[in-house]
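Note that the chains are named A, B, C, D, E and F in the order they appear, and that numbering of residues resets to 1 at the start of each chain.
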Amino acid sequence: MARKPAKSRPEPKPPVRNAADDDDTVVTALKLTQADLTPAMQAYFDKCMEKLGFVPNVLKAYAFDMPKLEAFVAMYNDLMLAPSGLSKLEREMIAVAVSSHNRCYYCLTAHGAAVRGLSDDPVLGELMVMNYRAARLDRRQRAMLDFAVKITAEPGAIEESDRHRVREAGFSDRDLWDIAAVAGFFNMSNRVASATDMRPNSIYHGRKR
Amino acid sequence: MARKPAKSRPEPKPPVRNAADDDDTVVTALKLTQADLTPAMQAYFDKCMEKLGFVPNVLKAYAFDMPKLEAFVAMYNDLMLAPSGLSKLEREMIAVAVSSHNRCYYCLTAHGAAVRGLSDDPVLGELMVMNYRAARLDRRQRAMLDFAVKITAEPGAIEESDRHRVREAGFSDRDLWDIAAVAGFFNMSNRVASATDMRPNSIYHGRKR
Amino acid sequence: MARKPAKSRPEPKPPVRNAADDDDTVVTALKLTQADLTPAMQAYFDKCMEKLGFVPNVLKAYAFDMPKLEAFVAMYNDLMLAPSGLSKLEREMIAVAVSSHNRCYYCLTAHGAAVRGLSDDPVLGELMVMNYRAARLDRRQRAMLDFAVKITAEPGAIEESDRHRVREAGFSDRDLWDIAAVAGFFNMSNRVASATDMRPNSIYHGRKR
Amino acid sequence: MARKPAKSRPEPKPPVRNAADDDDTVVTALKLTQADLTPAMQAYFDKCMEKLGFVPNVLKAYAFDMPKLEAFVAMYNDLMLAPSGLSKLEREMIAVAVSSHNRCYYCLTAHGAAVRGLSDDPVLGELMVMNYRAARLDRRQRAMLDFAVKITAEPGAIEESDRHRVREAGFSDRDLWDIAAVAGFFNMSNRVASATDMRPNSIYHGRKR
Amino acid sequence: MARKPAKSRPEPKPPVRNAADDDDTVVTALKLTQADLTPAMQAYFDKCMEKLGFVPNVLKAYAFDMPKLEAFVAMYNDLMLAPSGLSKLEREMIAVAVSSHNRCYYCLTAHGAAVRGLSDDPVLGELMVMNYRAARLDRRQRAMLDFAVKITAEPGAIEESDRHRVREAGFSDRDLWDIAAVAGFFNMSNRVASATDMRPNSIYHGRKR
Amino acid sequence: MARKPAKSRPEPKPPVRNAADDDDTVVTALKLTQADLTPAMQAYFDKCMEKLGFVPNVLKAYAFDMPKLEAFVAMYNDLMLAPSGLSKLEREMIAVAVSSHNRCYYCLTAHGAAVRGLSDDPVLGELMVMNYRAARLDRRQRAMLDFAVKITAEPGAIEESDRHRVREAGFSDRDLWDIAAVAGFFNMSNRVASATDMRPNSIYHGRKR
């Protein structure tokens, strides 16, 4: 007698809740109460609302303690927005390639959207999330990401020859610092986000697709 | 005398070409000539055009040799579409979680779109691409993906206790085979795609966002 | 007073059962009932009996479902037996080197025997099982196995330079596809076998020693 | 004829230069010029001289750019010195255990000295440098370091069960944040230091032995 | 026009030379001259000839220097042959499982043959070479090999809980030492053999199949 | 209302016990009784007392069994003290670099002290413990340590090209053996020490700082 064919599992009905349902309200897995914002931080949150339409969840996560929030904002804004030999897009590309190595849901979502926005090339954002080695980058950007990902994966194995390759691709020593500093910063943020199950604002997902 | 502040690198102009520009025409890095389609394969390509609006690049990649194309199509359709104790969405979730471990650009793109489509939940697709452990899955689907990813990462370390956990989550032995077979299939496809630099049809990227 | 010397554990008596005792009867750890063979599959099983003297356990394992068995057989026979720029021995060498990386008991046993048989060189089979890097291969076969094992170990790190090395060793793009496809196939089979604790027919072990 | 015995290589004479010879003058491998210190940073450097007798090289390394130096100092001082449920020694233990995983010469040297100093137990410093698992820690500190090192080694694999173990060992959610933030910070600093070949002030080595 | 089918690469003729052709004459990749054997070592070599019919290549490799040969032989014979709570077969099982982790061609070949011989179970030898986790071992031997392989793979992560599992499986502290010492010894030998490309006597391959 | 600031955890009082408190009395985690020393071993222990002022704990650990102790001492003294093309310092540098890879508390402590003593350069000892790649070594010693650490980390991946690099740096085949043998020996000792939680004599820590 022949085997009775397996019955297929019926496709689930439209789910009652979606994967991102709580992400805009429950920012981390930690129960920490938001502190009163200092005037500077209130102004910064207001500026986020005005320019982005929302306050990024990472800021809400740090807002239980004003000195921590202010230190994070100061370092972030300097690294990602201050004058540098790296364009803002390049800094965001580093952010996403590092976060891909570390598989950080928060940073891949927020900074993947930034790469899509700054490049006006949605697929470039996808490539940084999925595998930067599959992207057709020029030699400069490839050397930049190779260095950023090597210091992420094997920081103790960096040698002068690695710095040499970065310089050969056209970067100054100051640029090299910036690559290291941005890559280092996301190695920090990825771990704080993963350790606390930080959730990205759901609005990022659909942006600039 | 104070350091002269670094001048920021100007943001690049809207790029002349985008990351996916050739992906619809140059399907792999190999120079292989498409063979004449057999009637069965011609019918299958026609059906793809009718239902999807395009022929997936993986099929074009295999089309240099009809027996290889037919064997691939037969196995793929059986695994992903035939009756099974796993829903079609669950099979696509396995496809993407495995492809994320292996960092396969082609499969993450094509099957990420499938998860978004079948679940009607774009963020679920993102989570499978980025880090399935960050998704809020029920116990069944979490056990399913843990098994699929363990056989991907450490196939030689699988033991009876791993199978036990799958069964405890409600799966039959037949389901367990299907989890293994789908995970195994994408461990094959990920490697063929990466080895040949297979590029996904660009239309996938924007679907169901 | 001097320490009393340890008494050695007596060597065990000739064991009542051996390591392979059930391997010819309990093919996997899953309870799946064999389906009625289709005429084509019955003919294939008959041909195995005639040529090998037994039906390989992997076929029995897939025989709970005819479409799965047929798809597996079609793909396997095309990859391992159809015309190719790779000799049959070379394809078996890839099978074993990949299975060694993945530590798959079933495939190492069955395809190790195949390497011994096709090469008429039992030690070559052992070397593929133990460490292909210790074998004295010519440049062609070494490049072939290096590529096959790299796509096994780090599929996401494959680059044009890896394909270049394969071509430099004398392979065409069609050959490169075949290396990738055979390596990919055993990355699938290794995982299905390990996930289900598939056991090799005991007869393989002593063949061609 | 018998082999002529190998002559032993003569021990080298007292070397002209030692391993740390340039470490107090050439702070990193990058040619970056120190900027004029802002009054706040001048005061901070003066305070270092007064309390430590030297300015830590990491501060000199950042001093090519005042906003970067100020952001680093603000974050560092908040994390390592502000009120917290973790003692200052515990924060330094995290710093060293993380830096040991990442094999960062600068941070192991500077913060190893800090563990020796704060604990008044030189061997505790050695254990954090060499292998924290070999130290006889109480349950609290072991759980703290296990979490810090797991987010260092596998940030994408952190789960609620990991946070649960930290809480079970007596830590609050606020403490958990601090563990993550300190571990994250040294994952950043380790990478900036390794990327730039930052050298520790030689005075650290002999302190509190 | 249809693709011209690939012509298959003709199977190679019976090869002029086999994989093990030089293994009995060129013992390592190093050019070192055998020293005059001391009387004790001459007697030991004679005993090998009498009992095995050959002198194991590892002994020839060490014979460029009598103190090194004598130290190796003394330690080897004590570990593998002296009274112990582990049977001789169990010690050989450890040797092969460790050598499999380290992929040592010499030790897998020589000690794989020993497992086949002492157990009178050729498949047990194969399983130790391929993947000890696929063998159906009793709890005692499984615990023994798990400990031996963990100290091989992650020596710095061993903890009291690992020792506890060994004791729970029925081993004394003296047995635990012996497991560690045998596993340690092959972690040494595997590396000396791989570093020098040591080749096993070809006679091992066919023994006890 | 503003968040109440966290109260900092008070620094612990001077601890009642220190990290090394039992290390001079409880040598390993195993309960093994010291055997009567043979005259040769009694003389060796006496010589240790005379020259070092103490008996290294590793010798006490092996002293439950005289044949094991004697074999260990014979091999150790030959490797580390007999004539060789490697200086005694170079052999100790290998010992520490290997032990750092394996994170062995005992060997890092005892042989780190030896590097400090033989080199008269305390920082060189620290660098071997922390990350030999950060040390400014000449080409000879760098090639020596690269080979020693590669056979530690990936013994199965050693190839003729690795031996070539060692020879190119000025080493003979006999030297190459010695590098491999010393590295191999510490791969053994590291594992015996970690498996048994062997503790270093506390006096090592402060030596030659």
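Side notes on the structure shown:
Here is the rule we go by: contacts are C-beta pairs under 8 Å (C-beta built on N, C-alpha and C of every residue); 3 or more make two chains touch, one makes a residue touch a chain.
Predicted, not measured: the structure shown is a model, and the values here were computed from it.
Averaging C-alpha coordinates per chain and comparing to chain F, the farthest chain turns out to be B. Its interface matching that of B-C in over half of the contact pairs by residue number, E-F stands out among A-B, D-E or E-F.
As for how the two copies chain A and chain C face one another, under half of their interface residue numbers coincide. Note on chain placement: the centre of chain D and the centre of chain F lie 23 Å apart, centres being C-alpha means.
For this pair, chain B with chain E, the centres built from the Cα atoms lie 42 Å apart. Shared interface positions of chain B, i.e. residues touching 2 or more other chains, are given as 6, 64, 82, 103-104, 131, 133, 156, 174, 197.
Taken pair by pair, the chains that touch are A-B, A-C, A-D, A-F, B-C, B-D, B-E, C-E, C-F, D-E, D-F, E-F. For chain B in complex with chain A, the touching residues are 5-12, 14-15, 18-20, 23, 82-90, 103-105, 108-109, 118-124, 126-127, 129-131, 133-136, 174, 197, 202, 205-206, 209.
Interface residues of chain A facing chain F in the complex, by the touch rule stated above, are 33, 35-36, 64-65, 156-157, 159.
Residues 29-32, 64, 67-68, 70-72, 74-75, 78, 82, 102-104, 147, 151-152, 155-156, 158, 160, 163, 173-174, 176-177, 179-181, 183-185, 187-192, 194-197 of chain D touch chain A in their complex.
Against chain E, in their complex, chain D makes its touches with residues 1-3, 6, 131, 133.
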